[in-house]
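Encoded as structure tokens, here's the structure I'll be asking about.
Read from first to last, the chains carry the letters A, B, C and D; within each, the first residue is number 1.
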């Protein structure tokens, strides 16, 4: 950590800061600059005294030198991780597409969709039984019967299931039906939920919070890994900005940034990010080109009738066309798309 | 709702939209414009068909006319609400200050603080037993023993207690100790938690989410009220923007905006918003002048030693000075600061 | 335009609004809703009375129905435009790469770079003689001698020149040396400059303002076109958000959004957007996949010695590798990269 | 400056960075940390080699220690500055209100407004003869005749004039009519204009750019002062965020932040920030309480008929009421409002 003193700091103030650092077991070192003094702090994890130091008279700032995450960081774990979801690998060259409706609406809707997306080349089935909605008056998912439909769809198609869990009390039930637990954007800093999924023994799909920095997102992943679950896949799904032409602003630069900082796989959800069906294919292809390890795509048998997120869902035909383009692109980029397993396998 | 058609929409597309609206039980009405057609939709709650309509060929946009919240809106409830917390009224002219440490660290720290802030004029004691922290390695609160300290502080000083609850599983325990349940900024759209505090029989302090619009914030309040709890106080605490000189950007305009849209009281937390002690007094006074119904201020016996948020906590003396200024200002503006009750009363 | 009345609006207020609309030459039409009245306004360009209407008692909002731009919009000009820069076409399938240093530093630096980027496949040379810098103490470009170097580089390599102009007083001089005038992000709403380049008889590269919505960006293009210059190429270069891992947040969704709204070509500048060399290649490829009509890439013979933007500049070798990948991708996507003309031709 | 090396940096990389720093005339000093090495850089203005250093292998970041501005910073000029505009002091306890219409529409409109705002207690008259508008089709001001009206209004009322200048070519003409030159939010980083007003011999009102950090804003002020003009008043007028309930988000915290960083006066424009008349009074009072040195308020004889910004303009009566409240507040806070001079004096 580096402590920057004010240009007007008195000798007494400097001495006080030096003493303070020493009292707390760290070694201060004076670094005179052209117009002010800086003080380096040596020792293990000096950031723990940062708040106290910043408040001392004469101190302008205290800048941490180390990254705040360890388990998910690439510095200590240089090789890319592969996360397996019901037999489907994601990461380190393995590219996977999860597709399906925003919300599970009926067994037939789900099974039809599962068959179609599998035929088109998806390797995972997504669908929400529990839906977070900003209004209490919107459709919030079928709940437990939705989980039953997901189980049935896996049984019939062999596609592993990705579904969202909203609260620690539901983790056990959802983990009983799902191959991968999704933590949504509004729960990205719901630390109780992160701990619960950290202990659930299922891979986790961690969406980036609407206004989370990449560092905060990685710290949320650190919560899950620190609770015993190394199988985290990160999902960029758009951040909140001033632009209103899209639902959110898809931050595709986050893909190469995350790959540089972390060994965890990172996939992209262009459906929620853009909020408009006609923008999904181009942003899906852009995500592939940016180096994403997979995609999360909303597909619905009849988007105009969807109970949730219809305007951003692709039809079966649109999804099938998109998968053609994705394959063309991954071939050009020499990636490999992972096919879904022929049998459900957990 | 108003449906805007493309300037190039064909007659067939228009007819299709009209039919679609009629099929779903609403009445469409054509509104020819200079360069395009709009279609008005009459009937109850037409927004439920918005997603379906937006996806039809030839449709450019569908604009809702009604507000999405009802119970918290001022249109249906014109008079300002008063929320009582352990006997202390907030709202409709009653101004209340909640003060105390970010985190409860020990009985003595808390009781000392409670006595000092009461003497300075605070009417509520705030302090966290459960702390949400972006890193799993930061101090996360004392938990249950912290609740005991809060109980003790109330017993000794009579100040009602405001404390945060992080997850539905803790609501019962926290409600047993607290006079008011705080839902934090990272949980502002944790809908399971909003429902749980809606059923807990205690007033709720609902912080605005870091990237929540005012409309989303009011919808989160609507969750609590729709679950049976009308006693919600809103708390503006800064939103996330590009500016880095402050921890967040305090959106004080939210105070008059909320007062126009909602009958619920709204208070302001300048400590978390600014993140710097030297900015707290001026922003606290600005909040009073903007018409806030109260303040939430972090105070610590020794901020340099605080385990959390030290740099933004006021000392006892600074808080006492601030309360002098607040009183001067509320007098000038002809508000009344509410004194704490002499006895704990729930 | 649609006027939304308050749910509590009186009959008198409604009558007043109706009269007001009629007095100004428009036709009002009542649209009763479930919980409030809306008033449609028919006639040409009703948005001119919007401000007046919004201020009337009982009015909640007035929503324009038409787009505020005409000349650059696709509604009135459905076919994609092609802009020719010194013989190089951009748009409607023609893909062009402009490359070169952020700042022109010397004739040799520029000519070396021009030869290398041409050999690698670039079709335009970029380089700044006048540099906008947030600090008055930073290097701000060579000025007129820089223009000379640009002329010389074109003479020797045949590459058309793209260079920035900062102020109306410089437009004539810069247009004398350049094939395309760049308006930078900080000048995106410098309307005097937009008018001046509208009259300069050279194609314009219009960067998106750091905090401009896509609609505002298109309106800035409308300024240029309305002053007689139809040859505008839009350039997405990142917007300002809360994320600090990248210099700005590249909003790649703007590419398909612009293509849907406007007939103008749109290219992408991943160098300024990301601010980090190691992020440039993946975001350049993502831009291609998103459907961009071209790229703007910073290249420097020795980035470590650059007087400006070194950390985001590619070396010759990195640029050459990137161009290989871009060609592979455009082939897969069935686009065509435009080669630079063998002779300078204006 | 502090250079942070990667945790995996090799000895060779470290040696290379050390050599690089020395070669450029600075003194490097090694600062071993728990998990990585940092290198301090001593010498004058080391930030000039920052870009070069960041690009070296093994370097993670380079953090400047000094502020990038000097002339406007409080570190080197601790006492608050007072800027005099036609005899009216602003800053260091002197509080001034500039009021008037957004756009000058006619002599009568302007003179009527000037008389009324003077009677209500304003000390400066604001009004735009040249208006920046995002659409080329909006009313853009009367131009030169507008300047005549401003001159006439000063002659009749004695109020000094504040008016906007859009481009360097207009500076001379505008400075001939105005007592203070306003640089608007869209020109806050129009460096050619900043230089031109720096040489114009008139005080400058520098609005904060819509997406400018406070540091960038102070650097823009530094441009003006570095060109010989010390008389700069900063004006906070809202920044661009995701919130849509207000036109922009008024960042009132900028007031105490600027006061801590700079000796220049800072005033607040709640009219443009909020965009809604009913929000202006509360935010004006909040600005006073936050410690602003003045206000800029839009006032119009008949806001419903205004050619620009009607919805946010106060009527004469509303402005007069606001001034009453402002006086009450400044008395309570022991500030002094400056009265307009009885005679025009420059």
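Just so we're on the same page, contacts are C-beta pairs under 8 Å (C-beta built on N, C-alpha and C of every residue); 3 or more make two chains touch, one makes a residue touch a chain.
Everything numeric in this text was worked out from a predicted model, so none of it was measured.
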Most remote chain w.r.t. Subunit C, using mean C-alpha positions, is B
Taking shared numbers over all numbers used, above half giving same and below half different, the subunit C and subunit D interface sides are same
When A-C and B-C are ranked by contacting C-beta pairs, first place goes to A-C
In whole angstrom, the CA-centroid distance of subunit A from subunit C equals 31
Per the C-alpha means, the centres of subunit C and subunit D lie apart by a whole-Å value of 27
Taking each chain's mean CA coordinate, subunit B and subunit C are separated, in whole Å, by 39
Note: subunit D residues in touch with at least two other chains are 211, 240-242, 244
Touching subunit D in the complex, subunit B uses residues 211, 213-215, 239, 241-246, 249-257, 260, 273-274, 278-279, 282-283, 285-291, 325, 328-329, 331-333
Within their complex, subunit D touches subunit C through residues 20, 51-52, 54-56, 68-69, 132-137, 140, 166-170, 186-187, 189-193, 210-211, 216, 219-220, 222-223, 226, 240, 277, 303-306, 308-311
Listed in rising order, subunit D residues that touch subunit A in their complex are 2, 4, 6-8, 29, 31-36, 38, 40, 42-46, 63, 65-66, 75-76, 78, 240-242, 244
